[in-house]
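Have a look at this one.
Each chain carries a letter (A, B, C and D) given by its place in the written order, and its residues are counted from 1.
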Amino acid sequence: MNSERLNIAYIGGGSCNFGWKLIPELANTDLCAMVKLYDTDKTCALANEVIGNNIHDRGNTRGDIVYLACDEAEEALRDADFVILAFEPGTLDEQVSQLHLPETYGIFQTGGENSGLSSVIRALKIMPLCAEYSHMIEHLCPNAWVINLCTPMAECMTVLHNEFTEMKLVGASSDTFAARELIASMVCEKKEISGVRRRDIKTNVMGISGFSWFDDITYEGESLMPMFREYAEKYGDSGYEFRINEYKSNPDADGHRVKFDLFLRFGLIPAVIDRCAAEFCPPWYTKDTKEMAAWKFSPVTVNYRKKMLGDKTSKVKKYMNGDVLPKSADATEVPEMIRALCGGGNLISAVSLPNRGQVENLPAGAIVETNALISRDSVRAVCAGRLPDSIAGLSVRHVYNRAAVVKAFEERDLDIAFNAFLNDPLMTCGLTEATELYREMLSGIRTHLLYYCE
Amino acid sequence: MNSERLNIAYIGGGSCNFGWKLIPELANTDLCAMVKLYDTDKTCALANEVIGNNIHDRGNTRGDIVYLACDEAEEALRDADFVILAFEPGTLDEQVSQLHLPETYGIFQTGGENSGLSSVIRALKIMPLCAEYSHMIEHLCPNAWVINLCTPMAECMTVLHNEFTEMKLVGASSDTFAARELIASMVCEKKEISGVRRRDIKTNVMGISGFSWFDDITYEGESLMPMFREYAEKYGDSGYEFRINEYKSNPDADGHRVKFDLFLRFGLIPAVIDRCAAEFCPPWYTKDTKEMAAWKFSPVTVNYRKKMLGDKTSKVKKYMNGDVLPKSADATEVPEMIRALCGGGNLISAVSLPNRGQVENLPAGAIVETNALISRDSVRAVCAGRLPDSIAGLSVRHVYNRAAVVKAFEERDLDIAFNAFLNDPLMTCGLTEATELYREMLSGIRTHLLYYCE
Amino acid sequence: MNSERLNIAYIGGGSCNFGWKLIPELANTDLCAMVKLYDTDKTCALANEVIGNNIHDRGNTRGDIVYLACDEAEEALRDADFVILAFEPGTLDEQVSQLHLPETYGIFQTGGENSGLSSVIRALKIMPLCAEYSHMIEHLCPNAWVINLCTPMAECMTVLHNEFTEMKLVGASSDTFAARELIASMVCEKKEISGVRRRDIKTNVMGISGFSWFDDITYEGESLMPMFREYAEKYGDSGYEFRINEYKSNPDADGHRVKFDLFLRFGLIPAVIDRCAAEFCPPWYTKDTKEMAAWKFSPVTVNYRKKMLGDKTSKVKKYMNGDVLPKSADATEVPEMIRALCGGGNLISAVSLPNRGQVENLPAGAIVETNALISRDSVRAVCAGRLPDSIAGLSVRHVYNRAAVVKAFEERDLDIAFNAFLNDPLMTCGLTEATELYREMLSGIRTHLLYYCE
Amino acid sequence: MNSERLNIAYIGGGSCNFGWKLIPELANTDLCAMVKLYDTDKTCALANEVIGNNIHDRGNTRGDIVYLACDEAEEALRDADFVILAFEPGTLDEQVSQLHLPETYGIFQTGGENSGLSSVIRALKIMPLCAEYSHMIEHLCPNAWVINLCTPMAECMTVLHNEFTEMKLVGASSDTFAARELIASMVCEKKEISGVRRRDIKTNVMGISGFSWFDDITYEGESLMPMFREYAEKYGDSGYEFRINEYKSNPDADGHRVKFDLFLRFGLIPAVIDRCAAEFCPPWYTKDTKEMAAWKFSPVTVNYRKKMLGDKTSKVKKYMNGDVLPKSADATEVPEMIRALCGGGNLISAVSLPNRGQVENLPAGAIVETNALISRDSVRAVCAGRLPDSIAGLSVRHVYNRAAVVKAFEERDLDIAFNAFLNDPLMTCGLTEATELYREMLSGIRTHLLYYCE
C-alpha cells in the first residue's frame, strides 16, 4: 500500500451532513492524506478545515489527515488521487416546490432523492454540474478514483461517466445501512446478546440504485432469512418500532411495515428505509398522509430539513472552538474504500456501478447496487443473481425514466424529462394536470435551468 | 401448395364476432378446406355451420370450404392442419365486475382486453382453458399451426407455448387495422384520390402485443411519416373525426387525439385505437370520464357489448335462412396466413410471437408484435429495430405484469397475480383499497377460479 | 415508386466480372437511371459505358438506363441515390503470393475471398480504400443506399460502417446462387420437369457472411429437405456432377461432396460452393491437393484467373463494336434490390448485414447473411433462427478473426492481423514458420501497405 | 460457523494425487469433520483412511478430522455436507491411445486434461460416471456443496449440473497456482526479498476453464503487470528457468516461453502452465517435438505418469506405518472453501462456474474461471470483465466443442463428439485420416463406451 500522502478532493458536503461523518472516520484509519475541501459556500469549507485539523492536532488518531479549504474547485481537484463528490445545488426554500407542490395535485412524496417527481427536478438541477466536474476531473486528475455521493445517484453517475468515459467511478451510499442496523438489532433481541453491529451483518444485495434488496443475510455464518420472516409475520401489521411513535416526528425512523409488506409480498428484503422504498412503488403506501401514517412512516418535509440544518449550524461554532467531533463509528464506508483502492487489502462493500451482468435481469448500463470486491485500483462487482420478476418489473420502469432524464440533459430538452415525470409511479394525474404541475415545479427552480435554454 | 382438403379446427368464436368476418373471407380464397366448428354453445356452432355452408352452396366463390359443427373439441381438433383459437369464457353479466367495479375506486378502464385491471381478471379465467387446449393439440394434432385470437394475447400465447413447447403458434390480431385504415383515409384526403385500402399502407410495426407502434409507413413507395405529422400537429387539439361526435356512442370510433399526442410525445405512431393505447398508460387519458371525453374517446361498457350482441343475434336467423353473409373485404388476415403456411407464396403480416430479437430492446420471450415473413410451414419475424427508450419504458412493465399473471397460473396462486394487478398503470389506490378491489373482482368470477383452488 | 431518373454510382467492377452481369439485368427492369462508372482503369469504365449504352440504344429494353464513365470517383458519387461498390485493388500477379505462397508451407487454399490466409491479406489491401469511399460517401451522397460487393465482405462492411456510421449499407453477394441452382436441378431431375429456376427455390439462410447455410428449402410450397438428404446419401461418396470431371478444370464446378458431407454431419445445407465452404473449415477437405481431388473440387489459381480475364478482354472489342451483351437472366439481385428500395414493392433477398439478432447465436455486430425484407428505403433482416452449435462453433472463430483484421486497420498495426492469420483454420504451421510466412505474404503486397506505416 | 462435525464425502482420488495434498491441509484448519472415502480401488481408500487418521492421532493439529473408507459410494454420500469429486476412470495403459496415438498422424499433444483430442476421449469416459454421481447426490445429499476436481472440468460440471439442476456445484482447480508461484518468485528476485507466497499474489482471473488469464496482478497493493512485462521482454527468447533444462524431464516445469509469447501477443498473462496453454492453441507451439523443445516445455507421457505413480505407491507403506504425510502448505484451496461455505468468513478464490456474466464476452452457460466471493452457503462470481477479442476468439471454439461433447453424452451419439474432435485446434488431418484416428482412439477405450451403445 502506497505510503505517500494521498490527495483527496472533497467537493461540496459543506452543509456538514456527510462531512461530519467522514472526518472522524478518516481520523480513525491509518491513511495519510491531504483533504482539499471545496464548497460554493466557502464558510462551510473553512469550518470543516478547522474542525478536521482540530482532530488531527489533538493527536490520538490513527490517521495523518490534514484539511485545506480551497477557493476554487480546480485547486481541490488538481492531481487528486481520490475525488469525493457530495454537492447539492439550490436552497432549502427552493425545495418547497420540489417536495410539496405535488400535494396540491393529490400526490404525496416522501422526500427520497432517487425516486418521485422531485427526483426528476433534482436531477435537472444537478446534471449540468456533474458534467462540469466530469470535465474538470478529465483535465486535472484523470486517474483519480471518483466516489460519488451526489443524488439522484443513477443520473449523476451516468452523466459523470458519459462526459468522461474513462473515469474510475463508483457510487457509495448509506442507503443499506439502516436496514442492516435493523437486522443487527433483531439479532441482539432474538439471541439476547448485545454488540452486534451493522458490519457484522453480511448480505447479498441487488437492485437499481436507491431501491436495492437483500436475498441473503447472515450473521456469523448463520442465515437470518428465517428470523426476518418471523419478525415480518409477527410485526407486519403492528410495525416493529424501536421508540414507539418516533416515526411521527422523525422521517428516518419507521415502523418497518413497508419493508415487512414488500418482503412478504415479493420474497426479498428491501435494503432501504420505508419512506424511500415506498416512493419507488405506485401510491400503495403513499396515497395520502393517512395511508402513510397507517404504514408508520412520515415523509421528509422542508421544515424538517430546515430544523436539521439549524441544529447543525449551531454546533459548528462549538466544534470550531475546539470541541472534538464525536465519532460515528461506521457512518460511511468511504475511508475503507479508499484504503482498499490504495492496495490495503480486499474489501467487500455495497456500491453503485453500471450493470455489466451483476444483476442478471436488469438492463445493461443501468446503475445498480450490489456488493463489489474492492482492491488495489479496482472495483469489481460481485454477481448478485436475478431479481424476482415482480421486483424487476417495479424496477425497470425507473431505469427507463432515469435514461429519459439523462437524455433530457444531453439534448437540453425539458420535454424529454417530462416523459419520466409522467411515468413516475407516483403520478396519478391526467395529462392536463400533469403538464401544469411540471411547469410549476420547473418554475420553482428556474434559476438552475439556464443550461437547458442554451 | 398442397391441394388436398385442409382440416381447420375453429374453436370458440360462436358469438359471431370473429366468425362472421372469417367465413366470407375464406370463401374468397382458393383454399379447399373442411372447417370444424366447436363452441361450448353448440347452437352457435350449428348456426355458423349453416351460414358457412350456405355460401359454399351458392357457388360463386373461389374457395371450396365446407363447415361442420362438432360436439366435442377433440372431434374438431383431431388431425387438424390448422387450429384457430377464438374462445372467451364467461358471460357478459360477469364482465360487470371486471369492467365497472374499479370505477367505484376511482379507476376508469376503457374495455381493452390486453391491459388494465380487467385484463388480469380475464387472463385468470382463460389461462386454464388455454392449457387444456394445449394438451389436446399436443395429442390430437401436434403438427398443426395454431393461430391464436384469444386475449389477453400475451398470457394466452405464453400458456399455450409453455404447456406444449413444440406448438407451431402464431398470434393474429386486428389491432393494427384501424390505424392503417385511418392512414389510408388521410392519404385519400390529402392526395384527393379514393380507393386506398388498409393493405396498401405498408408499415414497420413493433411493440408488445396489444400496444404496438409504427415507425415507418409508406404508400406506393412514399413515406407517410411527414403527412402523419402534419395531421397530428393540425388535429392534435381538435381531434380528427370521420363522423363528428361518433366517438360518444361508439367506443371503436375516436378522434385520434391520443394517437396524435403519443406520436408527438414519443415519435412513433400507436398502431392501436385510442382507448386501447390509453389503457396501457398511467391514467393520463383515463383519469375520469371527463378526461376521456376531452381526449375524444369513450370506453367499452357491458351495456354496449350487450347491445352489439343483441344486434348480431337478430341477424343469425336471417343468415341461416339463406341471406348471404356480406363480405367484409379484409377484416382479418387469417386466410392469407393459412394460404402462405400451405406454401402459397410469401406473406408479410403483423403477428404476435415470442421476442427472439425482432424488437431489440424488449425482453427475450415477451410476446411482441412485428411483421413476419410467413411462408410454407414457417413464420419468421422481421427484425423491426429498437423502440425509443420512453416507449420501451412504458411497455416493459407490462411484460413483467404479464409474466406475473402467467406465474399465478403456473403456481395456482392468485396472490402472484395481485402483484400484476397492483402494478397495472391504471392502479392509483393505496394498498388497502387495492386489496379490497381485487377480492371483489375475483369474487365476480369465482366460478372460473376452481383451477386455482386445487 | 419514384419516377425521376436515379443516380447510380458504380465503383470498380471494370474488369467486366460483375458489370457484365449487371448491365443486361438493369436493362431488363423498369428502372430509369443514370449509371456513373468509375474505375481506376478508365479504359474499362469507358468500355462499359459504350457496352451499356449500346443496349439502351437498341431499344427493346424495359429500362431506361444510360451510362457515363467518370474521371474521378467523386464525380460518380456526387448526389448518388445508390452506390455499388465492386472494386478490388492489386494485380493478378500480386495474387501469386496471396494464393500460392502458403503451399510451400503445406497449406492449401482454395481461392475463396472470405476466408483463408489470403483473405487476411486481401482485407489489409482493401480496407484503407473502403475507408476512403466511406468518407466520400459521407460528404457527397450521405443518403445513398450503398450496396457492397467488395470482399472480404465482412471486413469491408465493418470498415465502411465504422467510418460513416449513418451509412445505409447492405451487402449483396451471389454466394448462395450456385447452391440454389443445384437444388433447382435436383428438383427438375427428381420431378422430371424442366424450367425450375434458382428464384423458384425459396430458402431460409443464415450464417456468417461467406459461410451461410440453408435449414429450410422449398419449391412451390413443398419442403425439399428430404429430397436433399436423399441426394446427399446417394451421392455423398461418388459426388453429383453435372459434367463428369468438370471440377478438374473449373474451380466453380464441383461434385458437391463437401456440401453433402457437411450436411450429413451438421444437418444444414452449406449455401456456398464446395471450395468456399472447405476453406472455412480446418484442413478437413484441403489438407493437400490429393484430398481436394478426392472431394471433387479444385482450387482457384492465379493462372485460372488470368485465363478468365483473357477470355473476357477478348470479348470487350466485340461488345464495343455492337454485339449485344447476352442476358444472364438472374446473375445478381441488385436491380431488384434497387427497385424495392425505391418503393417498387417488397423483396425478400439474402443479404449481408450486421447481426442484430437475426442469427440468434452469433455475436451482435458480426456481418451475417440472412434473408431480408427490402422495401422503400429500408432493409430489415428476417429472423433466421439459431445455427446448430457445431456450425456456430465453426463460424464464431471467423467472427473474431475478422474483428482482429479490422482492428489491425483501425490501429494501423499489422501484428494484430497476424493473430487472425495465426488463428485461421487452415493454419497448421508452428509459430516460427507462421511468422515467416506472414512476412513473406505481406512483402508480396507491400505497395498496398503504405497506410499501415503512417 | 456451524460447530457440529461435518460430513465430507471424498470420491476417488485414491491414487494419492490429490488426497495427499488435501489430508495435511485439512489437518491444518479448524474444521471438525468426518471424511468418508470412496474409491473403486478399496485398497487406496483404506490406505488414505489410515494415513489420514495417523495425522489426527498424533494430535498437534488444528482440525479434528477423522477418516473412514467406505465400501460403496452411497455410504460415503449419504447426508454429506460436502462432496469432493476427484475420480478418474480407466488405467494408465489405456491412456496410451489417448495420449500417443495421434502422434502417428503428426499431431502432438501435451497431456492436458481440458483440451486436445485426448480431452474428448477423456470426457466420453467420465461423463456417464458424472451423471451417476449426480443422481446419487440428488437422492442422498441434495443440499451438499459439491466441489468438483474431475476433468475435463467443463464437461464434468455441465453434466453434473444438467442431471441435477439444483446441485450446489463449484469447480476447484489448481490450474492457476503455478502461474501465481512464478510471479511470487519474480517478486522475490526483483525486490530481493524472500517468503512471498502464492497467496500473497492477488489476481483478477478470467477465461474458459483450463485456459484462464490474468489481466491484473498485485503484491501488497502494487501492480505487478509492469514487472511481468519486463520479464517477458527479457526472457521471451531464452525462457526463464528455475532449474536449467528441468523442463526436459519434468512436464510440470517449463521455461515460461509460451506464457511470455502469449502475453506479448495478446496482453494478458496465461494463468496456466505452458504445456496446458499450448494445447488450447492451434499447433503454434506443438507442431512437433522440436517445436515444443524450442519453446522449452515437454509433454506429459504415459511413461511419465507411470513413473510418478510408482513413486507414490512406494511411499504408501511408509505413511501407513506411521510416517506423517508432509505438509504441502497450500496445495489446494479446498479446505478454505469448505470453511467459508460453513460461514467461516469471506473467501476470494478462483473457481469454475457457469458463466452468468462474470466474463462478459464468453457465452452464457460456458464453464468459466474467475474469482468468486465464497461465504456461508454461497459462491458468487466476481465480475471479471471482458477478454480481449483475440483471446475470446481462441476460447469460444472450445466452448462449442465442449457443448458438442456434452451433447454426444446426452444423445448417446459418438458422431456428435467427433465434430468436437475434428474441430480441436490441434487437428491438422484431412477428414479421412481424422475419421480413422477417432475410431482407433475410441477403440482404445471401448470398455468405457457401453453407455453409448444402449
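In this section, contacts are C-beta pairs under 8 Å (C-beta built on N, C-alpha and C of every residue); 3 or more make two chains touch, one makes a residue touch a chain.
What you are looking at is a predicted structure, and each value in this text was computed from that prediction instead of being measured.
Path length between chain B and chain C in the chain contact graph, taken as the least number of steps between touching chains: 1.
Spacing of chain A relative to chain C, judged by their CA centroids, is 56 angstrom. Between chain A and chain D the centroid-to-centroid distance comes to 44 Å (mean Cα coordinates, whole Å).
Annotation for chain A: no residues touch 2 or more other chains.
Pairs of chains meeting the touch criterion: A-B, A-D, B-C, C-D.
Looking at the complex, you find that chain A touches chain B at residues 261, 265-266, 282-288, 291, 294, 389-390, 392-394, 396-397, 399-401, 403-404, 407, 415-416, 419, 422-423, 427-434.
Chain contact summary for the complex, chain D toward chain A: residues 1-2, 202, 204, 216, 218, 220-223, 342-344, 346, 348, 356-358, 360, 371, 373, 375-378, 380-385.
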